[in-house]
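See the structures that follow.
Two complexes, one shared chain (chain A), two partners (chain B, chain C).
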Partner chain A sequence: MTTVLERPEAAVSPARPAPGRSAQRVSRWQIWAPLALYLLFTLVPFYWMLVFAFRPRGSSSLLPWPITFDNFATVWNDLGFAMFFRNSLMVGLASLVATTLIALAGGYALARYEFRGKRAFMVGMLCTQFIPGAMMLIPLFEIFRTLGLVNSLWSLVIAETVFQLPLSLILISGFIKNIPVELEQAAWVDGCGRLRGFLAVVLPLLRPALVAVGSFAFIHSWNNFLFALMFVNEQEKFTVPVGLSYTLGEFSVDFGALAAGGVVAAVPVVLVFAFIQKYLVQGMSAGAVKG
Partner chain B sequence: MRPLLALATAALLGLGLTACGSGSSPSAAGGETTITFWDDNGGPARTPVWQHIIGEFQKANPKIKVKYVGIPIAQAQQKYDTAIAGGGLPDVGGVSTAMLANLVAQKALEPLDDRIAKSALNGKINRQVLTTVKATVPDGKTYMMPMSTNMGVFWYRTDWFKEAGIAAPKTWSEFFTAIEKLTDKSKNRYGFTIRGGAGSIAQMMEVLYGQSGITEIFDPAGKATINDPRNVAALEKLAGLYKKVTPEADVTNDYVKMVAQFDGGNIAIMQHNLGSYNDHAKTLGEDKVAAMAVPRSDSGTQSILSNPVSGIGVFAAGERKDAAFKFAEFAASKAMNSHWAEKTGVLPANTEVDGERWIKDAQHVAEASRVLNDPATKVVQMPYYLPEFNAITKTEMEPLFQKVLLGQMPAKTFLDQFSAKLTEAQAKYRQRNG
Partner chain C sequence: MARATRTPYLLIAPALIAMLGFLVYPMASVVYYSLQHYNVTKPWDNGFAGLDNFRTLLFEDPLFWQSLGFSVKWVAVEVTLQLLFGLALALIVNETFVGRALSRALVFSPWAVSGVLTTGIWVLLYNPTTGVSRYLADLGLMEYGAAPLADPDTVFSAAVVAELWRGVPFFAILLLADLQSAAKELYEAASVDGASRVRRFFHITLPHLKDAIILSTLLRCVWEFNNVDLLYTLTGGGPAHATTTLPLYVASKAAQAHDFGYGSALTTAAFLILTFFSIAYLRLSKFGAKA
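Moving on, here comes the complex of A and B:
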């Protein structure tokens, strides 16, 4: 018996009248107006930062003109931002590498292996996300002191990696689950071991997830203020966020230096986003579908 | 993907993270001692001053090296607390009376009375400053080497006073007359600005105790004097100024808004402390702004509130206390204390500095110094030692003070509540500390 499936009448989309010019204009405004409002709120602080960073001290101009780089010279040379920047970069890159590699290995295990307590482990990882970093400050400090890592940039790398791992593991394992295991099996049939099969078949498909995880690790580490201030006791090892806070005095704020420091701090984050944005949404959504 | 990972790894190795290990801790090696100093207010304003002092100290003491670490002021207390709980305190560090009670309660600091008594600074530290330091802790010991203090002053527009043909007020009666005369709402000019937002209570208390002439926050029985009828009358007078000679927006005035109004040219007199001088001088010009002390009460009493004292604490856990104290003593010596106070715009704790030329030239410092060193001046000691003091003044009383300004709560009801809270906190404190 053959069954012919026909589309019911009601499901057929009625022909919509072609939108006129006024209707088009209204719909565009409906999109543009909220977007413009949103952009106003998000871009004005950035504009404010640029104006204060580039205009001369004492100027009340709403434009960064005449342009000056004095504030940048102050933060880079006098406040030591060259040093802070280098430290932030090192911590950010180390956290990126450590988080990505560990999340890759752990995520694969969570996606491909069944073991007792797996569900409880996943729930436990999620629960760690509810604990603010400030609450872990003293226990972490004691651990690092025991390990001789206080006043070392490694303490920042380890703390950042540990705090980033739960979310990264969940994202990567979700992404790996979406890759059919048959692809790997085909590689095994062709003589690959599990590691070789993973490297040859799975890893190239994980690019969006790795970019998302790595960039989050880098940005989070770049912006972290509390750990950098608490675990480090030497001026030469402080990071950019700590340097920024130096511009806030007890009774006065050096707005020019603060804004120039803000620009310096924002540049790497903006560059990272510019580089990864096409992978980011893909990585986040693909990993988030299956937990 | 591979290029990204390769780039990251290469950069990591290239930058040499591995070279940034924990390093050696400050220690004594080859007859040389290294001590660590935490500056509790690190930043472009104070770091160069400390670097100068450290440089001079190392020249005078070649066998002691000082390692400077600047801590942002907003996080200084948290940094100390973490180091107390987890270890890693410095040998010596900047402390203020605002954090002293907390540090002493955790037994973090070394009492310095014996060391100061044997040092060249004995008898040279301002009496009022020492009293404030000792009053902050239950055992009345000196847990810091005082460096400087601040003082509440009234900043005023000298050009407006000159135009109006009036002199800077010396008493509260003159003050109230002057601010009424200087108010011209048609020109958006107001005689005074009240701090109604964050940080309002200390300034309000200064106006109340200044008018009433009462010199103690607690009577001998431990009852708070804030609701004394003279203080109630003073608060009614202050609240009566709102909107009459002050802008309506004062009800939410915090420090930034208050300074913006004064420096923006809308206010004749602004109450704050010496710390805001640079902002005023930069915006209005040095010739258009001056400081006057808190006016005298009608009975002639000059009452001022104690202000936080900044200084240097020697940490009890340190292994190099002698070197640490030597540094503190050097920083508080005449030459260094003078340099410190001049560059940071505060009142020096070392009385030998009072005769320095720069003090006479800086009108605001000279005026504050005159009042602080006047034996007739009564310093009302603020109970910073009460753990609840911050919560009472900021969380509980600030919103109620706004109600008083808006006429939604009588001054007496507000001060009765304030008094009850302070009295209760003082009773608990006495119970805990005998």
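Moving on, here comes the complex of A and C:
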């Protein structure tokens, strides 16, 4: 269980070619031709959604011009996306906070203490990675019914947090292991308690890990469809993916509304993604591959 | 490492309680329900069932075998294609070229998109009146009226392409992370020795990536097997159950038929299949062994 974190400087390798390789460098078109094709495959779908969201009803232009916000007004006000957006945001933020705090405490214990049952706990966490979310619908539904949490957004917060925890714990404990314990010990010598030492020395160094764990938790919870579909039946408590699935389900789909709803669903994750994508490669290599 | 005190137990307690309560207990209760007749709409039939549910599943339910068969086909096709494209993409964006950072951000971006949103976007792209085919037909490049999602001959490929769109970045991100930890010296030495690009790929890059490939394909197999969002919203498992995966079948049993006992038996069967597959895969691929 050695989680190795690459240093950011090493991962974002400098933009100069290694000396020995320049002789055999790939020519420009060998990179650009396949890359351009793949970019087309990636971006055309996004562009299609934007065009349909912003162009007027009945237009068949492939440019979103004249630009209109009518579709957004329909989706936001009439179809309830303002409500769905608020619900999703609340679930996403609550899962983010819960996952990060619980994983921080547990990750610190795993990294800095030897205790009985630690190995069993680690193995158990890895095993949970094979528990299928879709398969847990029935028993989780029963539990939430017993707890009176069906039709409550808290059921989603709990389910999201629990499914995010194992990976987050492994990731955070890996990061903490890489912080020399001597740094903390120095703080204890200076009269700090364990908690104050942690807050003053370890926490600031954990920022990349917290960004990764927090944003994974947020994105997963923002995107989750099945739990939200099964555990929440009242329309005022729908989340964005459930709302979006209803714009799909009609017999005559309003494509403008569908596209605008899609943009509403995409904006928060795209913003988070733009913020974290530089750390994503390192976070993945630390947590998932070398875990 | 600190001595064992109560502290580490207190620190992992929240994670442990959450996972015991909402992962381990539900999993155990699935196994329990699988041995019961338990249908919310037929309470008079409820009670201990022994292996009845499993007998039904094995011998009397063609849909179980059909959905399992489709799951295997879906996972095999998706994971193979995602791996090939993801590997190619990782190799491309690992090269040094102008615009690399932006290209990476753009090609990775569908990673953050949810299954429902993917469906929304591809419904627009596939629809005969709003889709790409209509504009190609306008240019005289295609016939009008192509509807890939409605045609039983093309629905599978249509779903595969949509899932590829958001699945390839997962492999690209993970494999890029691992590529960056490959020792530059090895490549330089090979270069000096006159090894061709192709030879270097097969003798240095591929062995280096072996464990990352094994682990990421396994994680992805489990994930694709369990993933319900896209097919549930894109095809609804149709036409005529042609795209029903096992988890989709479970979800429909639980949600529409309220047959929790039988649904739990299906879940248990799926979990056993996944576990055996994972162990066999790790053994057969010699995960962790020196390449």
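FYI, the second predicted complex is superposed on the first by the 247 of 291 C-alpha atoms of A that agree within 3 Å, B and C clash if a C-alpha of one lies under 4 Å from a C-alpha of the other, contacts with A are read in each partner's own complex, and residues count from 1 in each chain.
The rule we apply is simple: a contact is a pair of C-beta atoms (placed from the backbone, for glycine too) under 8 Å apart; a residue touches a chain by one contact, two chains touch by 3 or more.
Quantities reported herein were computed from a predicted structural model and do not represent experimental measurements.
Once the two complexes are laid over each other on the shared chain, residue contacts for A:Leu210 go to chain B alone; chain C is not touched.
With both structures placed on the common chain, the touch criterion links A:Arg28 to chain C but leaves chain B unconnected. Legend: residue contacts after superposition of the two complexes on their common chain; A:Leu169 is shown touching chain C, with no touch to chain B. By the document's definition of touching, of the two partners only chain B reaches A:Leu89; chain C does not. Legend: residue contacts after superposition of the two complexes on their common chain; A:Ser245 is shown touching both chain B and chain C. In the superposition on chain A, the chain among chain B and chain C reaching more residues of chain A is C.
Once the two complexes are laid over each other on the shared chain, residue contacts for A:Met230 go to chain B and to chain C alike. In the superposition on chain A, A:Phe255 contacts chain C only, with no contact to chain B. Of the two partner chains, neither chain B nor chain C is touched by A:Leu183. Of the two partner chains placed by superposition, A:Leu37 touches none, neither chain B nor chain C. Touched by chain B in one complex and by chain C in the other are residues 137-138, 141-142, 230, 245, 247-248 of chain A. Residue ranges of chain B in contact with chain A, taken from their complex: 1, 4-5, 8-9, 11-12, 15-17, 20-23, 25, 36, 38, 41-45, 47, 67-75, 78-79, 82-83, 85-88, 90, 255, 275-276, 278-279, 282. Taken in their complex, chain C has these residues touching chain A: 1-5, 7-9, 11-12, 14-16, 18-19, 21-27, 29-30, 33, 85, 88-89, 92-93, 95-97, 100-101, 103-117, 119-125, 127, 130, 132, 135, 165, 173-174, 176-178, 180-181, 184, 187-188, 191-192, 197, 211-212, 215-216, 219, 222, 225-229, 232-233, 247-248, 250-251, 254-255, 260, 263-264, 267, 270-271, 274-275, 278. Chain A makes touch with chain B in their complex at residues 58, 74, 78-79, 86-87, 89-91, 93-94, 96-97, 100, 137-138, 141-142, 145, 148-154, 157, 203-204, 206-207, 210-211, 214, 229-230, 233-235, 237, 242, 245-252, 254, 257. Looking at the complex, you find that chain A touches chain C at residues 6, 10-11, 13, 15-21, 23-24, 26, 28, 31-32, 34-35, 38-39, 41-46, 48-49, 52, 62, 101-103, 105-106, 108-110, 112-116, 118, 121, 124-125, 128-143, 158-159, 161-163, 165-166, 169, 194, 219, 222-226, 230, 241, 244-245, 247-248, 253, 255, 258-259, 261-262, 265-266, 269-270, 272-274, 277-278, 280-282, 284-285, 288-289.
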